[in-house]
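What follows is a pair of complexes built around subunit A, which joins subunit B in one and subunit C in the other.
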Partner chain A sequence: MEISNLTKKRIKEHMDAGKRFDGRDLLDHRELEIETGISINAEGSARVRLGNTEVVAGIKMGVSEPYTDHEGEGTMITTLELLPLSSEEFDYGPPKIDAIEIARIVDRGIRESGMIDFEKLCIKEGEKVWTIFIDIYTMNDDGNLLDASALAAIAALMTARMPKYDEEKEKVAFGEFTKDPLPITKNIPLTFTFHKIGRSIILDPRREEEAASETRVSIAMSSDGKEVKVNAMQKGNEAAITPEEMFKIIDLAEKKYKDSSKDVFEQIEKNLKGKK
Partner chain B sequence: MIARQETEEAIEEFEQGDEPKEKRELVIPGEVIATGNDYLPGDWAKRDGQDIIALRFGLADKSGRLIKIIPLSGTYIPRKGNVVIGKVLDITFNGWIMDIDAPYPSFLPLIECSKFVNKNDLSECYDIGDMLAVKVLGVKRKGIDLTARGKNLGKLEEGMIIKINSNKVPRVIGKEGSMINLIKKESNCDITVGQNGIIWIRGEKVEDELFAEKAILFVTEKSFIEGLTKKTKDWLEETKNNPKDIKEDKADKKKAKEAK
Partner chain C sequence: MAYTKRPDGRKFDELRKIRAQVGVIPRADGSALFAFGDTIAIAAVYGPKPLHPQHLQNPEKGVLRVNYDMLSFSVTERKKPGPSRRSQEISKVTEWALAPALQINNFQNTVVDVHITILQANASTRCAGINAASLALAHAGIPMVDLVSAVSIGKIDDKIVTDLIKEEEDYEDGEGATDIPLAFLSKSGGITLMQLDGRTSTKKLKEAIEAGRAACKEIYELQKKVLKEIQEK
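Moving on, here comes the complex of A and B:
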């Protein structure tokens, strides 16, 4: 059964007083845990736990023809599946609108930040380029799948290795890897999704809070070491957002990025070293 | 018929008791619990030739000749007389379609509403999305019939709703309501437990409601422990005397990290 209106009202009242059900501050994240290299056969993989929310991401590489307007660049495809095992609200079948939206937000954040140097993924211009497949699967939904998916995708990309390419057969050798990492630049995006409930703006909602959310804004940000840039944005749900709130959200996102980016990247890198 | 009802009542009483009479065995569907004509199959058990086999995952309970299964998982199966909490899904010309988290559709007819209803506008009485405490009148082939007439039934105002595994409801209620009365007393909340595992909590402060929710979740997590009422009492007193929020816990952790 879905979260009832009574509970939603209570959440809203409680938040107007500046408090949350689990005692966190409005802009606090739950405990974050990143584990990389969980799959042997994937080029890169990661599991992200955000409280009870759990997401798994995997990277596979293929070789295909480039798009005619970007002949010298590799391609990237992001898919996300909301598995029925992760929540009673998800069903089997082709991805529905929610899944497509999350996948697109993740995809856009990575693409627009310039995290991947697509020009280096070209094998032969106009004929053959590398394609990166990012597959994301939800294991457990306790709210904020969006941020968790984005994190899992970048963690998997950061730890991925290029596969071996058999030039005679013109095929990728399955399960054989080189030691080279993917052409990753410094601009690694982090996605923050802000939810508006009543008068409050919160981060990292749990499922019941997400159900009470009136509107949400996702912001993907990256930094080249000097300044923090907004790479992509998406607004969801019905309610409107005022310009003042929007500016506030962008400021908050920048602050949040500066606060948490170091921690997150350190956790991914530490994990990578531990695996070697 | 009367005998059947009596056994049902006896079983209910037994289910809500704290101490098991005999060690219960864990069984899975299809498992043979006993062989021979000495035994009779009870709830969720079936006779297959000489054997009594289990139909659900749960604990096999032998009381005399009767063998029944106390399910540990699975959906709520409605029974006549159950008080449940449900949500109004839709309004028809003669009543309300409700979701009580059961596998069959359920319907609350107009005449079973507890107050006067304007027949032209049923939403004045109960609107879509409202939570109601209702009683199961009967389970028929076409669905479940409900009533909102009776003590403590009808629309639930204010408060909050939580959902637990319906198989753990007897534990939350306790022997003759001992557990739920304890939680009510300690948290100063009004609590209605639906047999379908949906629980309504209303207190004066949100903090009280959250405390009651915590207590109920404590009971469901530890539902297999014997003498649970006493343990819960200790836990409630302990938590109440030093109310340690998650927030404070976090602050402690931060301090510990910094100290390192």
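Moving on, here comes the complex of A and C:
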């Protein structure tokens, strides 16, 4: 989104004084709402709201051939569509780089954290494995679609059930579900995207703030209960960032993960129990 | 088994043999080849030139446009020709990595096209591509405030390793492999590219950034050397 230089300047001045237009502290998130089971035909699904930003994610499973270098493991494909209904800036057509980048960062966080035990998704080694399709759609863009998308994806995965597999026909029996959850481990990733605006480093920008952002760093982290690990990172946008600022962001991310992970996972779990 | 020795016998902080050459594509306004061992990248720069279609033009400044792709036979299993989601993302992050070094604000309504092609791949292709592109931009005489140098740092098991090869990227024992491509502005020291996938503690991550900074200084010296040589010719 293009905003006027005057607005950019005002945002910067505000932030230099530690303030934001909506009254939040620089590292505060907006109110988070997670709702799971929003679609009966999906294996798993979730809606995430961060303030006015809203995304939905759904899980579908398919059967396909494994990759030749990982013959005993299932596969995963993450896509994201920036739906034109969610912003006047989005157009129809094949995904462009903005959508591709978000999907790939979400994908890497999940893949590298070990949240999914891919070996358990093997049906017949070298021939047939399960493929997890994570499809994310934006419903309303008010900034920080990336962190919201990452949350929607993990919530949908955590709630998903395996579909029935017809062994005789060697096909998925679509529409029939087992009671088994997906092979999910404890290493569930959370993604935090930090933005640098003037001298300030902020989290969870609204649309205007995002437009004033000079550079951003996304960090996906997970923990096995002992130590917090960084699983995926990406620096985006044109401005350079000093190594010292990067160190600060890494420390902030670790603190944020420790402070908020319990609440977020509890919110998803609570939602889960309410549905079953 | 702990990771104590690299497959190609290098020290943990040792770069592969670097080959850098400027002016490999005479037709282009600027061009360069950059190789980390078996990984070979070629970059060509065309522009600044009028940008078409016209609606893409920026009346306030020149536009940098990067396209990265691999040749179908540059990897062991044939890569389907044409752009992929991966190559589109790498093109974009490469654009961001190079942009802070350029001063093209006075070239309104024009584009500087950077085409990066990977001839042969053994990991670190995006970093080789950035190094080649940085050289090619300087060779094309585009006004620059700095050079950009890039390197991939890895955490293989519990070791911080400089300039990964494919075999290291695929390492699965112990703590496995974490791949961290980094690019720095040579003089100001700013980070212009950073990606990561794998599993690492924040402490090790900071060590990796320091290792990247050190390696990029070495790469910068080599880049400077080849640019000076061409100037003297």
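Observations, loosely collected:
Please note the rule applied: the second predicted complex is superposed on the first by the 274 of 276 C-alpha atoms of A that agree within 3 Å, B and C clash if a C-alpha of one lies under 4 Å from a C-alpha of the other, contacts with A are read in each partner's own complex, and residues count from 1 in each chain.
Rule of thumb we're sticking to: a residue touches a chain if its C-beta (ideal position, glycine included) is under 8 Å from a C-beta of that chain, and two chains touch if they have at least 3 such contacts.
Worth saying up front: this structure is predicted, and the values here are computed from it rather than measured.
Aligning the two structures on subunit A places subunit B and subunit C next to each other without any clash. When the two structures are aligned on the shared chain, A:F21 is found in touch with subunit B, with no touch to subunit C. Residue contacts after overlaying the shared chain place A:G114 against subunit C, while subunit B stays out of touching range. When both complexes are overlaid on chain A, the residue A:E13 reaches subunit B alone and has no touch with subunit C. Contact with neither subunit B nor subunit C is seen for A:I40 once the two complexes are overlaid on the shared chain. Ranking subunit B and subunit C by residues of subunit A touched puts C first. Legend: residue contacts after superposition of the two complexes on their common chain; A:R104 is shown touching subunit C, with no touch to subunit B. Computed from Cα centres after superposition, the angle at subunit A between subunit B and subunit C reads 100 degrees (steps of 10). Once the two complexes are laid over each other on the shared chain, residue contacts for A:S4 go to subunit B alone; subunit C is not touched. When both complexes are overlaid on chain A, the residue A:T242 reaches subunit C alone and has no touch with subunit B. Using the contact criterion defined above for the overlaid structures, shared-chain residue A:V228 touches subunit C, although it does not reach subunit B. Of all Cα pairs linking subunit B with subunit C in the superposition, the shortest spans 5 Å. The interface of subunit A with subunit B does not overlap its interface with subunit C at any residue. Residue ranges on subunit A touching subunit C, taken from their complex, read 68-69, 95, 97, 100-101, 103-104, 108, 111-114, 217, 227-243, 246-247, 250-251, 253-254.
Per the touch definition, subunit A reaches subunit B in the complex via residues 1-7, 10, 13-14, 19, 21-25.
Within the complex formed with subunit A, the residues of subunit B that make contact are 87, 99, 101, 129-131, 156, 158-163, 198, 200, 206, 209-210, 245-248, 250.
Within the complex, the subunit C residues that touch subunit A are 77, 85-86, 88-89, 91-93, 95-96, 99-100, 170, 180, 185, 188-202, 205-206, 209-210, 213.
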